[in-house]
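Heads up, the next two complexes both have subunit A, just with different partners, subunit B and then subunit C.
And then the complex of A and B:
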């Protein structure tokens, strides 16, 4: 039996502006809406699904619940007995679930898989939530007893850029502004009705407090509840599916390439390791380029749009040069030239990214791929990148620790 | 490219009698010992490993630590950058990691993978630990505010057998006795120096309190710290590996079959669903038979030994008829006839199983496969099953919710 290609049939994203705790809804309700929404969006019958993978970071802490794959079987009577599992790599959990599902398709184990990325985070106050997020770092060394550990770690990523190449906060403010602007075009974005502009992002008063060194509130993605369900299929199922919609197999987007690497866990160890490297986070760079290589794409000029991990403005600043849009350390050029705008040369986060669209941790990698799907099928509505053929994602867990990247195209 | 077979190169188990908290050792030390031990046991150089998968249930609760795949990169400098991920399905987490790793090999993504099953549980008192284990069930409905929720759920499995077919506690006591007896032969078993015989297991005094309906202390697996690391490879790597040891590819055990199903999460829903079925837990039965089918083995007579999930004596009682050793409801026959002894017709848990060897939750599925490896390579020492060619595992998460089974043989 030959290794199969992996086709992407679409899916569904919950409205990331919702607070499921305020609605008195359990984790299972969030799962349910994403899966039933995905079935409706794709026209797939529940009986066709053969297996399900769940990406989630820390429901044990936020929701006092584990064994998360099993909640998939609760969505519909047809799902009783389906093979399920949960996958975790902190904020890259959604992508780890996608990697596991796509490997099983390539291996010929299943023809049609569901992948759900999910996180319900608004169950606790922000201090407690910050502590929970600390378990994505080396908790004892980098988070215990520290307020807002992750803003501090990504503040230090900015400091490292500053030290090696110089960094102007003005460029970070522009990154924030662009993500908030794009989010206004996305009907599922958490911040679509929020107020933010560059002046506000640059504001250095109590309105916009520094919470992690140079990282201010306006530099951060927000605490978000959300779930995304997508369906992946082998060529045989995808062909049948295409035919049913009066289309050809070539019309269905494929997972053209993927990359996956894990750097050492502590931020200090990563930085020590990259001291003499070209890139600040060389393993992130290698994830991006190995996805390109697998897709047969030479460099970022073959990519029509990027959905990147911008848990903080500093992570997007890092992504810009790591994608090769500029030389290392010159990400500011792309910001100044307007290349990152939806109609620019290298659009980043047309969806609004994590800062604008929201960051329900375990859902993010799946949300990025769904937005890539929307772009290459020209169904992204107001945030459509004109003529997008190939979209690349970058999903990062921890302080640049686990990185995953996918390229979706036709 | 064709789908590759998956070969099993062996691995290492930590001594399950150890208490890593008492030794003042962090989760990372447990990971480290299992991986370095695995490299030494197999003679694999760290530079050869291409990817790593971690099976763990709830380190977020027990150890306040997530992002567990990343700890693999901390073990050896050669591992920096390796792709890693963590996989979870409650007590079946280890098997979910094995499924993910083997799918990636079949898909041709990697030639050599490490799989680590790990759980450090002795960080908290037993009441707190019992509450944490409740997150493997539907916590709000089945565990919140309930003392020892899992013994109670598996007590009810016994009750269900009693109702459908009759159940004599004497047979459960024999199952306990056998697992404790076998554990005395296993140098890594948690209870190898403990005292237990059938009379003690049948004891109905305060020495052996009932903690979950008919489930008494002697019916339970114990709280355990432990980790197991195994190496899986494609045919190309396995052939090179065999040659290096003066062997042939046929000498290296293979993963001949696997099964994987997920029933509904709540125990009541499972039992309602099976009301008119032949088996009490039909999805567990289907996991076992689909592994056999994939391995080309007609029934349990083609299996030389079983490593099953005996979190409680009732789960092993269930496994006996679900494997087809007896007709449904007649598991007692196998107990009475002595078929389950190491030199019996259908040896179960030569290692001592979960009750005797220990049950570090996320490690169990990997430990079962390692014990299967030892049996088919005739390296199981005092608990060797003579002439074992095929060993089948059964690993269960929740109250019969997620089940996984592997068949290892040459």
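And then the complex of A and C:
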């Protein structure tokens, strides 16, 4: 039996500016709105869904709730009895759920799958949340008793660049500025009304305090509540779906390529491994290039836009050279040349990324792919990249530990 | 009237088609002035804060810095006074933004000075929340009238993105299109075009509900009013608490303007209650005067008795059984908005009927303003959603179902809008609200 292509039928994201605790809403409401929104956006009948995968990092901590796959069945009576499950790989949880769903399609098990990425994080104060996020590192060694462990780990990523190639904080500020600017164009971005400009990102006063070495508040992604639901299908279902929409199969975007690597958990071990390597995080590079290879795309010039994991400005800085936009260590060139702007040569995070759009941890990988879907179907509204044919995502869990990448296109 | 949909690339080209390097904000010490000035500094290299004195302008700059919590506002700002700096600053400005007090004569005098000092190609915008755009530019030069428009930003602009754009009869359509593109892409505004009618669209529809709540407070306690027209009816903040926050004087200015200058089917609901006028004479202005319908005494929340002007601790006020609201909230907390709304619609008792009448009035009034305030219900929906953070009328109709909405309006003795009547008669009615990027769930707070 031939392996089926994986088609993407679209989906729905919740407004990442919302605070579901302030709305007095339970985790189940977040799940419900994203799934019902996805069904409505795609025109899929609930009875058609055959299986569901839920990506989530830490609902046990944030919401005192496990067994998240079962919550999918609460959304609609037709879902009762469906095979569902939950996937976890820290901030890459959403992409792991997508990988599992797409593998099941390729294996011929199911024709139509739902994937939900979900995280409710505003249930606790930022200190407690920071500690919970620390469990994405080697908690005992890298996070226990440390305030804001992840900003510190990604501050060290910046330090590593500084050591190897030199790093100017002005370029990090520009990355922050661009993500906030793009977020203004995205009606579901968390920071769309927040005050930011480059001067503020460079501000070194208490209005923009350092929380992880060189990482300041303006360099950080957000604490976000959000969920994203997408539908993936095999060729047979996609063909039927396209026909129902008055379209052809080739109008439906496909998952053209994927990459997935897991590096050692501790940041120090990763850096020690890459000491003599070309790239600071070689396994991230491999994730990106293996997705390109599977998609039959030679290099980044075949990619019209990137949705990358800017949990901090340093991780976007890293992504720029790891995608091959510049030679290793020269990411600053792309920043200075304006290549990353929506109408630049290599647009990054037209959505605003994690810094601008928000970072509901388990939802991010799915949100990135949904934004890719919007771009290649020309439905991204004010943040549309003109003529986008192929969009690549990069979703990272931990300090560059689990990396996943997808290429979506038609 | 409604803007032509442009591609993102065309919109970006339009926003770049003119350069806005310098903005002057007049009245920069007022709430709308400094809030808008801070907003402009996100996208404009030089923003001049002008007020009666340089000291007052400086106060505005400091308030702007405080509002957006960024000292960098100052790096793009300068301050000055009308007497010393207006002519030069206005002469250099690409955009003049007027945010003086809501007084026609004061604004008119200022525009006399602006007209003499401005360049022929500069844009002049007023942030008025309800004075007539046509009247404000009447008798002025052609270049002034072509470049004059209303840009009604809501307070605080760093939180609320809904913004009304109002053309005068002579406003150049190209200027309007540019201001819309610039405001959307560079200032992050949700732009709603409205007609030049008293209080435009948002305040016309919104303050009608607020004033009706204030009128109800003559019959039942303000606590009960805010409970009945509370979060479960589609808003984060309750109506009387909203009037306290906005300020009673502002509330009066808006409803008086509407009451005096319109003659619609619900005119009496826009009449300011006499007790509010009497209490305002004694200095009650809402939160800014230390209290209005509600005030704090340490940790105790006190509630106004409109009949006497006295305050009672909230805990001492006995409320009727409102168990249906808890049942609605339980449904909302799980994201079951239709089920929650159905409980509201079916709830027994006088209290639920009072609440339904207010909501029915909101929907009926909004749909009857189509054509008058905006071209379609969409404009009213978007300003209620993004300017007030209330469930837009169409969202309420969709969640209730048009038939149930029509029944509720009819049973409340209010005029049923024709569009709802038609939808209610259809076997498979289309939804009224078509904005897939706006989560309707956010309007239904489970409180």
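Simple rule for what comes next: the second predicted complex is superposed on the first by the 410 of 410 C-alpha atoms of A that agree within 3 Å, B and C clash if a C-alpha of one lies under 4 Å from a C-alpha of the other, contacts with A are read in each partner's own complex, and residues count from 1 in each chain.
The rule is short, and it goes like this: a residue touches a chain if its C-beta (ideal position, glycine included) is under 8 Å from a C-beta of that chain, and two chains touch if they have at least 3 such contacts.
As the structure is a computational prediction, the values presented were derived from the model and not from experiment.
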Report task. Return first, second, both or neither, reflecting whether A:192 touches subunit B, subunit C, both chains, or no partner chain. Result -> second
Query raised in the report: Of the partners subunit B and subunit C, which touch A:401 in the superposed model: first, second, both, neither?
Result: first
Requested in this report: Name the contact category of A:14: first (subunit B only), second (subunit C only), both, or neither.
Outcome: second
Query - subunit C versus subunit B, contacts on subunit A by residue - result: B
Report task. Have a look at where A:161 lands relative to subunit B and subunit C in the superposition and call it first, second, both or neither. Result -> neither
Query raised in the report: In the superposed arrangement, does A:26 touch subunit B (first), subunit C (second), both or neither?
Result: both
Requested in this report: Report for A:37: first if it touches subunit B alone, second if subunit C alone, otherwise both or neither.
Outcome: second
Query raised in the report: Looking at the overlay, does A:231 come into contact with subunit B only (first), subunit C only (second), both, or neither?
Result: neither
Report task. Determine, under the contact definition given at the top, whether A:332 touches first (subunit B), second (subunit C), both, or neither. Result -> neither
Query raised in the report: Hey, what residues of subunit A end up touching subunit B and subunit C alike?
Result: 26
Report summary line: Interface with subunit A, subunit B side, in the complex: residues 1-3, 26, 57-58, 60-61, 64-74, 80-90, 96, 99-100, 103-104, 106-109, 135-140, 144, 260-265, 273, 282-283, 286, 397-398, 401-402
Requested in this report: State the interface residues of subunit C toward subunit A in the complex, per the touch definition above.
Outcome: 7-9, 11-12, 38, 41-42, 68-72, 75-76, 158-161, 184-188, 190, 236, 329, 332-336, 436-439, 441-442, 444-447
Query - Partner subunit C, residues of subunit A touching it in the complex - result: 12, 14-15, 18, 22-26, 28-33, 36-37, 40-41, 184-185, 187-188, 192-197, 199-200, 203, 205, 207-208, 342-343, 380-384, 386
